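Here come two complexes built around subunit A, the first alongside subunit B, the second alongside subunit C.
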Partner chain A sequence: MTDLPVAAISVGPADPGRLAYRFVRDPKACAGAAIVVLLVAIAALAPVLAPYPYDDTDLLAAWVPPSSAHWIGTDKLGRDILSRLLFGARTSLLVSVSVLGITLTVGMALGMLAGYLGGWVDSVVSRLADIVFAFPDVVFAILVAAVLGPSMLTVIVALSIVWWPGVARLTRALVLVQRNETFVEAAVVCGTPVARILVRHILPNIVPPLIVRASIGIGFIIMSEATLSLLGLGVQEPQPSWGSMIRDGLEALRTDPYLALSGSAMLAVTIIGFNLLGDGLRDLLDPKLAGSLR
Partner chain B sequence: MSAKLLEVEELSIAFRGLRGATEVLSRVSFAVAPGEIVGVVGESGSGKSVMALAIMRLLGDDGVISAGRIRFEGRDLAALGPADLRQVRGRSIGMVFQEPMSSLNPLLTVGYQLAEVLATHLRLTGVAARRRVVELLDEVGIASPAERAGAYPHQLSGGLRQRVMIAMAMACRPKLLIADEPTTALDVTIQAQILELMRRISRDAGTAILLITHDMGVIARMAERVLVVYAGQIVEDAPARALFARPAHPYTRLLLAAMPSPRRKTARLPVIPGTLPAPSRLPPGCRFHPRCPLAVDPCRASPPDMIELAAGRHTRCIRGRELLTQSVRGLEPVP
Partner chain C sequence: MTMFVLRRLLGLMPVLAVAIGLTFAALQALPGDPVAVMLSDHSADAELAARLRAEYGLDQPVWRQFLTYVAHIAAGDFGLSFRFVHTPVIDVLADGLKVSPILALAALAVAFPLGAFAGSYAAIHRNRWPDTAVILFLVAGISIPNFALATFLVYVLSIKLGVLPVAGWGTLDRAVLPVMILAIPCAAYLARLARALMLEVLQHDYVRTARAKGMSERAVVWRHAFRNVLVPLLTQTGVIFGGLLSTTFVVETIFNIPGLGRLAIQSIFARDYPVAMAIILLFTLFYAVINLMVDVLCAAIDPRLRAEGGSRP
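And now, the complex of A and B:
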């Protein structure tokens, strides 16, 4: 506790030990982290954990309710729902990590150039982003998916196109603030090359808000993936995706609700987990909030 | 005449705004000789910092050089391409800013930031760079330089940070150091140390200094020659000794009269009545005439030119010669 006033006024690089300590003291952040870790473990260990292969059909045992053989029951083709949920975590994480990787790379690069160089570079990047922003996210993704045809790659491409402008815009705004810092000007008058200024002087100072953005964004990406799959534009059978499982379950919602409900529950818990983690990271990394935590 | 290091000729700078361009610096000419310490003094908003930014090509998107030329070692700085510009910045011209608190990147050690300059311009890396960093820190009077090289900026005091900034600016032994209010943010005892340091470095390395300040005391300590700037113009250009002995412009004279002095017995410090005119609303005639106790009709009618009173002594006052040769009534400090 004694280190708190210091934490509030310190402007130096954060001490990892102190950050970890503050993170552990935040129950919501811990819950979020636990959910995310669990999810990653499920995705990694799906073949071991799942009682059946995800594509093992048994038409004689279609739509069976939960039992000791099938804990959450089976779907219309008699496939074990639990196994498909576990493998579905792989789909969600694969898509979201790919989209995040692409959008962070492209968005940060373009955002930094736009923010630092200004002029026509800024105009081009900002107008491109505006075009994407002009459409509702999912509508635009549906448009792209419809053009490319349904597949997991389509989902990744479509969501990347929808997501990079947000990252670019945030990065650009952060760079605009940093660009006017005296230490950046000092680096300029020392003749430091632009690339070096961007990577060594500006980037480290804008990373924390981007980490927060990424962790909250991942929940939205997983939901968007589910939405596209729900609409039949995403991951194709027999690959399991929570979105397409919910779609299949909706047909039989009144008689056999387990499929739709369990898929939705996984989706909800995952998104809540990433959002809690993101909130926790924001509280941790935002210098303005650092002193007001307790 | 010795060869000039920096020559500024008829330089005008304007900032584009919503209602057209506003000229903030008008036809400024001066030169800096190698190794010379030139002081630029003026009120806040007089245009002295813009001058420094223009030399460093840091005016930003809205500031433009509307006329004139800045030549450094005979080369036109405004015409340099990006690569040549980077060569000049840091290598030939160093710069020290007003705020040592924010001039260093909080996430990098000061040693790293110094080494970066060495790597950029001198291709010095590894052990050689580390050794040079420690040397440079030692040179600017930082105790236990080897340890301090590993410190982050927030672990250093303002005075130490300004020393680091000077070490950075001097790392490549530039021919010219531009110091924009280098001591304004520091307390008085540290100020004296930093000024002494700059003077020593200038002498040892033969670096010319363009020292920009609003503090006549700093100018008196440091400068060999003084440029007095008022409302975007140089109003007096004279050797420091001569200027302090007998200013040839009423503005300079009033500035000097407004300096606190332990010898003066009056309770209140004299002030110059009025305020600096905004660059968009300059008075006709001499820009200083509304505040000038010596103003006569011609001052209100037409803007005065720079007149040469003696070798190296210039004033932008039609009564400058009078000021120099006889005692002029009306300039007694306002109590």
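And now, the complex of A and C:
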């Protein structure tokens, strides 16, 4: 394997056992994977793990400091912070998986068509992407959120609109490289339909960089969701979002710091986890990109 | 060179057209009747409502409203505020316009030298403890969201140690935390680039030549290699600036700074959409102009980029 030229490593299916071995040898990637697995477990098991329902208010027990009954204390409505943190993982993951699903589907489909067909399809897709790129990303998300009104659906729509052009542009660039490969020409000569060429011949070759992109993107999406919720444009009460919890907590940071600090810590650890995992996957799946500028 | 600048200026037009079109469409699509917002408790007064509608041009057909909107923006006029009745948007923005650019430029002034130096320093000491320290800073700086960082720093520096004020604006000590929060992610991003660039530059022949001539290691690194790290870093200023504009909303809201970002968010909740849209438009314009300036600067430095279709290194 070590004697093969670089091109041979990056093209074609790699030995899964070898990849797994290299992944396990990378402490950063393992730490990232552990955090992500833990987070998914928390999100899935939130109703079992949480000691209280996330919307269980008790105004007589507002801003209670940590105790055996409330491990991280309570917020201004007397809701258990720990329970809300655990359910907040659901919100974060639900939004990020939805946005990722939408943007990968739309971005890959449009990017592949633009890259393979060229011509006016390429022009239309590229100009649409340019429009979104002309705005700083959060600015555009705020514009969309202002029009649609604050809600979780708004966050998903706004972030999907901001995020798909990046996927489309990357896909288009990857397809442009593949389009002139001999195996694609062979498929064309054989009369293979365009859809089949794209899905069966080109898609498998462009998936690894897109996986890397997606894993790095999740951190960005979670951060953006929290930003919008912090500004009041995102997920609404009583549904818990780490962003809006931090906003509530900041108002009482001097007297009751537990809400803001625990929310910030959850968010920071989550994003560090996804970024470490993303970096690890990039080193693994995309040797050419490893240690490069992006 | 003049042709290049002109071409780039022309390229700005579609961006502006789209931004103007989108903000106008958003103004039309936004929920709620602006006149009802303005009147609040006088909503039964039909005559007053009609007068306001006429003053704000809301009685005109949509296409005419659009033409007025475009014409006014071309003259630097963003219309009238809904929240502060009879007040031009530009007057509402005036105070913020004095604050936000200072904040962004101060952050850039801190982030650029810090990122360039830290990244290069790490590359020179590759795989030793300075490198590890910088990489930890990178991962934390890029991953920890600005508001989480703000929470930690405010808690430790302002509340526990009491060395800096919690929030506000107007004095130097109040600016320290917001500028730090804005600068740290940018510095981390720049440091990551600088590290990668320096590692690459140190492989070049001219570095070996400089060493072979018997130059001191310090001169080789900082006089020869470092300059070649700076130019590609400069091209990233546009990206950095986009990030800064986005962070402005959060930092100004958290630290209660009377800038454009906080004003935009307040305006959205007060249904003062002309102000919010004007700020979004301004931010888009800033972003486009900064990117243009970076392109021109790079073209001035590297003639190859002036050719048609030339892309940045």
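Convention: the second predicted complex is superposed on the first by the 274 of 294 C-alpha atoms of A that agree within 3 Å, B and C clash if a C-alpha of one lies under 4 Å from a C-alpha of the other, contacts with A are read in each partner's own complex, and residues count from 1 in each chain.
Basically, a contact is a pair of C-beta atoms (placed from the backbone, for glycine too) under 8 Å apart; a residue touches a chain by one contact, two chains touch by 3 or more.
Here the structure is a predicted model, which is why all the values come from computation and not from measurement.
Superposition model on subunit A: subunit B and subunit C are shown accommodated side by side without a clash. Contacts of A:Val48 after superposition: neither subunit B nor subunit C is touched. Look at A:Ile131: by the touch rule set out above, it reaches subunit C but stays clear of subunit B.
Of the two partner chains placed around the shared chain by superposition, neither subunit B nor subunit C is touched by A:Leu60. In the superposed model, more residues of subunit A are touched by C than by the other of subunit B and subunit C. In the superposed model, A:Ala195 makes contact with neither subunit B nor subunit C.
In the superposed pair of complexes, A:Leu230 makes contact with subunit C only, with no contact to subunit B. Once chain A of one complex is fitted onto chain A of the other, the partner contacts of A:Leu261 are limited to subunit C, with no touch recorded for subunit B.
When the two complexes are laid on top of each other via chain A, the two nearest Cα atoms from subunit B and subunit C are 10 angstrom apart. The residues of subunit A lying in touch with subunit C in their complex are 130-131, 134-139, 142-143, 146-147, 149, 219, 223, 226-227, 230-233, 243, 246, 249-250, 253-254, 257, 260-261, 263-265, 267-268, 271-272, 275-276, 291-293. In the complex of the two chains, the subunit C residues touching subunit A come out as 14-15, 18-19, 22-23, 26, 29-31, 139-140, 142-145, 147-149, 151-152, 154-155, 159, 166, 193, 196-197, 199, 242-243, 245-247, 249-250, 253-254, 264-265, 268-269, 273, 276-277, 280, 283-284, 287-288. Within the complex, the subunit B residues that touch subunit A are 56, 58, 61, 85-91, 93-95, 97, 99, 102-108, 113, 116-117, 120-121, 152-155, 165, 168-169. Remark: subunit A residues 10-13, 118-119, 181-193, 196, 200-201, 204-205 touch subunit B in the complex.
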